[in-house]
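Shared between the two complexes below is chain A, which has chain B as its partner in the first and chain C in the second.
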Partner chain A sequence: MSDVSVEAKREGPSWLILPGIIWMALFMVVPIAMICYVSFWTQTTFNISSTPTLASWKQFFASDTYTGALWTTVRIWLIVLATTFIIGYPTALFVGLFVKSKTLSTVLLVVCVIPFWTSFLIRVLAWRPMLGKEGAINIILLKLHIITHPIEVLLFTELSVIIGMSQIYCVFMVGPIAFMLGRIDRNIIEAARDLGAGFGRIFWKIIFPLSLPGVVVGAIFVSVMVLGEFATSGALSGRKVNLLGNIIVTQVGSLKWAMASVTGVILTVVMGMVIAAFLRIVDLKQEL
Partner chain B sequence: MTTQTAIFRIDGVTKSYGGVKALDAVTLEAGVNEYLSLLGPSGSGKTTLLRVIAGFEAPDAGRVYFQGRDITNVPAHERGIGFVFQNFALFPHLTVRQNVAFGMANGSESISADETAQRTQAVIDMVGLTGMEDRGVDQISGGQRQRVALARTLVMQPKLVLLDEPLGALDANLRGRMRNELRAIRERMGVTFLHVTGSETEALAMGDSVVVLDRGRIIQRGAPDDIYSNPQSPDVAHFLNRFNMFDGVLSAGNFAGPFGTVAAAKATRALRDVYAIRYDRLRVLPVSASAEGPALKATYIANEYLGSSVMNFFETTDGKVVEVEHHLSLGAPEIYEPRQDYLLTWAPEQAIVFGREGK
Partner chain C sequence: MESRVLKPMLAVYVVAFILFLYGPFFVLGILSFQQGPDGGPQFPITEWSTYWYRQIFGLTPPSRIAPLPVGEALIRSLILAFMTMVTSTVLGVMSAQAFRRKFRGSGVVFYLIVLGMMVPGVLTGLGTSLLANNVFDITRHWYTTAFATHVAYTFPFAFLVMLAILNRFDGSVEEAAWSLGVSPWKTFRKVTFPLIFPGVLSAMLFAFTLSFDEFPRSLFAAGGTEDQTLPLAIYGTFSVEIHPNIFAFGVLTTLFSFALLSVYGILMGLSVRRARKLAMQEEIA
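Take a look at the complex of A and B:
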C-alpha cells in the first residue's frame, strides 16, 4: 500500500501533462490518422469521395515512377547519411576532443552554424552558381588548368542533390557527436594510454563507443530531414531526381489527395522504421 | 638508499604553467618495494609531479629515470608505470572484467586470451571483487570502483604505481578500510607505490616514507614519525595540522612571543621565527594558578568531540585560536566554562622552535 502512495507522490499531479496530450493529439495524432484515412478514399480525375478503396495503394506499388521514387529516397538518404558521417565525425572529433580550450570549441561550433543565418532556400539555391557549367567550381578548375572542359555532371544531377544535402545537414551530425565527445572524461583517455593502448586502440575501444549515442542522435536528425526532403532535390536536380517528398508536393499541387496520402503514409512508415532501427543501437534513455 | 636499488628517480624536474612554477627543480627517488607518500596542500604541484612521472606532461627541464633508464621522452603508454586516478577514470561502457582486462587486451605486448582471462581473474580475486566481474562499473559502489581502478593498474604488473589522491573520492569510513587494504595489496605485490595526498593523517599512516611538497619544492623527506616529531620548517609543521604556531622573535636562545619570553635551547633554522607546540602538549590551568613554565592567558570557546580525544578551542587576547587536545585514555576531560579565562602552559623542552638564528 505504501508503495502506491510513494509512486503517486513522485509522479505528481497528472493533469500537468494535459497540455502536452492536447498538443500532441491536435497536431500529430489527428493529422496522421487523417492521412491514413484519406489514403483509402476514392479518387477520380476531378472528384474525391470517402468511399473506401485500395486503388491508390495498388497504383503506388504498380507504378515504376512511385516505387522508383521510394528507392531513390532510400538511396539518397543512405549516401547523404554516409557522407555527413564521414565529413562530420572527424570534424566533431577535432572540435569536441582535440581542441582543449572550451571557448575555442564553442567558437568552432558556432562557426559551423553560421550558414544557418541565411534561410534554407538561399542555402540551397546558392549551390547553383557554385556547381553550374559556368559556375565557381568549373571556373576555378579551368583557370588552374586542371580541366579543359567544364564538368557538366555537377549541376542538375543526383550528384548535385547529394552535395547540397550533405553540406546543409552535416552540422546536424557534427553537433551531437561533438557534444558527446566533449563529455568524455579526459582522465579515461589518459588511463587507457597508461595501460599501454596506442591511439588507434583508444579510439576504437573507448572514444568511438562513448560517442555512439551522439552518432545515433546525429543520424536520426539527418535521416528525418533527408527522408522528408523535397526542396533541395527540386532546386538542384532540375526535377530529374524525384524523392517521396517531391511526389507528395506534386500530388497535392494537382489535388490528388488520396495519392499524396498514400505516399505520406509510406514515408512516415519508412521514417519510423529508420528511427526504430537507430534506437536499437544505443539505449538513449540510459546514455543521455 | 642507493641509486642501484632505486626504481625511479627524477632529477631537477621543473614545470611551469603560464609563468607559474608548478615544479621547481624537484629531485626525488624511491626504492624497490617502497610505499612513498607525497604530502602537499592543493596547488603544491603534487599532481603535476605524478603526471610528469607517468608521462602525461613533459617537464620543461630535468630528467626522469625509471629502472635505470632515461624515460623523459618515452610516451606514457610505453613507460609501464601504473597510474590510479583520483576519480578512478574507469571505462564507463565496459564491465568490471573488461575494465581490468583492457590493458592486456589492448596493450602493445600481445598476451594470449587464456593468460589475459587468468590474470584478470586472479587480480579481481585479490582485490576482493569476486562475483562482480560482469557488473557495469556504474552498478558498483565507490569502494568497489576504487578496487577496479587498482586491479586494472596492478594486472599490468607495473614496478611503480602512482596514486593520485586515491582515497579522496571515498567517504571517511571507507577511506579507513581502503587505507589498510592498499597497504596489504602493495605488500602482496611487492611494487613501489607513490601515493599523493593532501591529508596529513593519510600521508603519515600509509607511507614507509613521507615527502612534503610545497610550492613546487620538496621541503622535507623522512619516516612518518620523524616528520611528525621533527618538522624541519614552519611550513611542514603547519601542514601536519597538529601544532599551535606562534610568531615572535628568537634572539640569543630566547623566544619572545605572546606568552612572554621563553628559553629555547634548541632551534631549527628557518626563514622566520616561529614557536610551535603540539595540540596534545598543552595543559589547561585555572587563571589564578601560577605556572612554572611559559603561560598564556586564553578564553575558552568550545570543544569538539573526536572519539578518542576531545579538542578544546581557546582564544588568546590578540584573537588567535589555540587548540588543546585531550586524549580520553588519560582520563575524563575536564569541563571548562565558556567565555572564562584559563591559563595554558607547557613544558618548554617539548616545543619546536624555528628561527633565523637556529641551526
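Take a look at the complex of A and C:
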C-alpha cells in the first residue's frame, strides 16, 4: 500500500509548474506578441491607433538610419563574439585545465566574477576616464614614449564600444568554457601524450572539441546580451553608434511606439535565429 | 615539456586578463578622490580629497554640481530587489520541484522558462509598457510592471539553480518520511527544504543582485522620475556631464555588494557546517 502512495507522492504534484508558466506567459510571451501586433499599428504624430498598416515596416526598410542600425548591430555582435572568445579562451584554458588545485581555480573564477557586483552602468562608465584623450591609457602610453600624441579614436567611436563590451562580457565566455575543460578526463590527455601526440595535436583533437559545448553556451550568453545592448553603445560612442536597442529607446522616447515595435520584432527575429543556430550545435538541457 | 613553456605563458596571460578586467575600476577608484567641486572626471588629480564621498552623504555645502539623486532610488531598488528575490525563488523552487517528474510538454515549458533569461530586457520592457499603455491603460510603476518583468528575468535563474540542486537530490529520504505517514507539505518543510537550502540561498542571491542591477527592463516598465530605481538614477547622469561623484558612488556600491556577498558567504558556511554536524550526529546514532 505504502508503495503506491509513495509512488504517487514522489517528486511532487505537477500543478506546481502552473504559477511559473502563467507568469512567463503573461509577462514575457504576451508582451512580445504585443510588440509584433503593435508593429502593424498606425502611427500619427502624437498618437497610435490599432488600424492595421505596413507603414512602419516600409519606413524601417526605406531608411538608412534603421537598416544601418541593423547592420551595425550584427557587425558589433560578430566582432564582440570573436573578441570575447579570443580573450576568454586562454584564460579558461588556464583556469579549467592547467591549474591543478581546485581551490586556485575557484579563486581565479571568483576574481573574474567580482567586477559583476559593481553596477553594470558604472562598469560602462568606468571606461570613459580610461579611454579618453586625457585618459589613463593615453597618459601611460605617452609616459612610456610609445606615442607622441594622444590617440583620439579610443573614445566615442565604434572601437570604444567594442573594447567596453569585450571587457564586460568576456567573463561569460570564460565561465562555461572553464567548466567544460574542468570536466575533461585527464587520462585521455595522458594517453594521447604517451602515444606521442604533441600539445597542438592534443589541443585540436581532444581539448577543443570537448570544450565546444562550453564555447556554445558562452557564445549564447554573449550574443543575447550584446544584441540587446544600448547602454554601452550610447555611453561610449557619444551616440554615434546606434544599435537596434538604441533605436528602440529613442523611438519610445519620442512616443513612436509603432516604429519601436518594428525594431523590436526585427531584434527578436535576429535573436531567435542566433539562439536557434547555437542550440542546433548543443542541447542545453543535456549539458546541465 | 610543452606545459613547461605553455603554463607560465598562460599564467602571465591570465594576469594581463585580470588587469584588463580590473583596470577601469582602478582608474575609477583613483578618480573618485578627485578634488571637488571643480575637479573633473579625468586625470590629473588636482588634489586628493574625499569631497565626492561627502557630497553623496549630503555633507558638503551646496555647489553648482547637484548631488546624485540616489537616496530614494536606492530604497526603491532594495525593496524591488527583495520583492523580486522572494517571488522568483518561490516560483523557482516550485517549478524545479515539478520538474522532478516527467510531465507532458516538459521540454516546451523548460525552454519557455529559460527564454526569460535570454530575451533582452529591451524587448520585455517594451512589450510590457506597450501593454500597460495601449491595452490596459494603467500607469507603469516600479512595484507593478517593472516588478513583473524583473521576476520574468530572475525566475529562470532561480529555476536553473534549483533544478541543478534537485537533480542531485536523493529522493529516498523523502520516501522514508512519506512511508512513515508524514504529509507531503511537512516532508517538504522538514526534510527537503533544509537539504536544498544552500541552493535556495544561491537562487536568492542571483535574483536579488540581478534585480538590484537591472536596467533595461526598468527603463521601459517603470514610470517617471518618481519611479526611478538606482540604475535609472545613474543612467540619468549619463546624458548630462559626468562628475567624479558617480565614480565615488561606484566605489560605494561595489563595497555594498561585497558586504552582501560576505553575508551570503557566512550564511552558506553556516548551513554547510550545520549539515555536516547533522551528518555526524547521524553517524554517532
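What to note about this one:
Note that the second predicted complex is superposed on the first by the 268 of 288 C-alpha atoms of A that agree within 3 Å, B and C clash if a C-alpha of one lies under 4 Å from a C-alpha of the other, contacts with A are read in each partner's own complex, and residues count from 1 in each chain.
Please note the rule applied: a residue touches a chain if its C-beta (ideal position, glycine included) is under 8 Å from a C-beta of that chain, and two chains touch if they have at least 3 such contacts.
In this text, all values refer to a predicted model and were calculated from it rather than measured experimentally.
After superposition on chain A, the partners chain B and chain C are accommodated together without colliding.
Taking the C-alpha centre of chain A as the vertex, the lines to the centres of chain B and chain C open to an angle of 80 degrees, rounded to the nearest 10.
In the superposition on chain A, A:V80 makes contact with neither chain B nor chain C. Contacts of A:V161 after superposition on the shared chain: neither chain B nor chain C is touched. Within the superposed three-chain model, A:G198 lies in touch with chain B and with chain C [touch as defined at top]. More residues of chain A are touched by C (comparison of chain B with chain C).
Shared-chain residue A:A235: touches chain C; no touch with chain B. Contacts of A:A219 after superposition: neither chain B nor chain C is touched.
In the overlay built on the shared chain, the residue A:V29 is in contact with chain C alone; chain B does not reach it. In the overlay built on the shared chain, the residue A:V249 is in contact with chain C alone; chain B does not reach it. Judged by the touch definition given at the top, the superposed model places A:N187 against chain B, while chain C stays out of reach. In the superposed model, A:I206 makes contact with chain B only, not with chain C.
Nearest C-alpha atoms belonging to chain B and chain C sit 7 Å apart in the superposition, given in whole angstrom.
Of the residues of chain A, those at positions 198 touch chain B in one of the two structures and chain C in the other.
By the touch rule above, chain A contacts chain B in their complex via residues 185, 187-188, 190-198, 201-202, 205-206, 209-210. Residues of chain C touching chain A in their complex: 2-3, 6-7, 10-11, 13-14, 17-18, 20-25, 27-28, 31, 41-43, 91-92, 94-95, 97-101, 103, 107, 109-110, 112-116, 118-124, 126-131, 133-135, 148-149, 151-152, 155, 159-160, 163-164, 167, 171, 174-175, 178-179, 184, 188, 209, 213, 215-216, 219-220, 230-231, 234-235, 238, 242, 246-247, 249-250, 253-254, 257-258, 260-261. Those residues of chain B that touch chain A in the complex are listed here as 54-56, 75-83, 85, 87, 89-93, 102-103, 106-109, 152-153, 156. Chain A contributes residues 2, 5-6, 9-17, 19-21, 23-35, 38, 48, 87, 90-91, 93-95, 98, 108, 111-112, 115, 117-123, 125-130, 132, 134-136, 139, 167, 170-171, 198-199, 220, 224-225, 227-231, 234-235, 245, 248-249, 252, 257, 260-261, 264, 267-268, 271, 275, 284-285, 288 to its touches with chain C in the complex.
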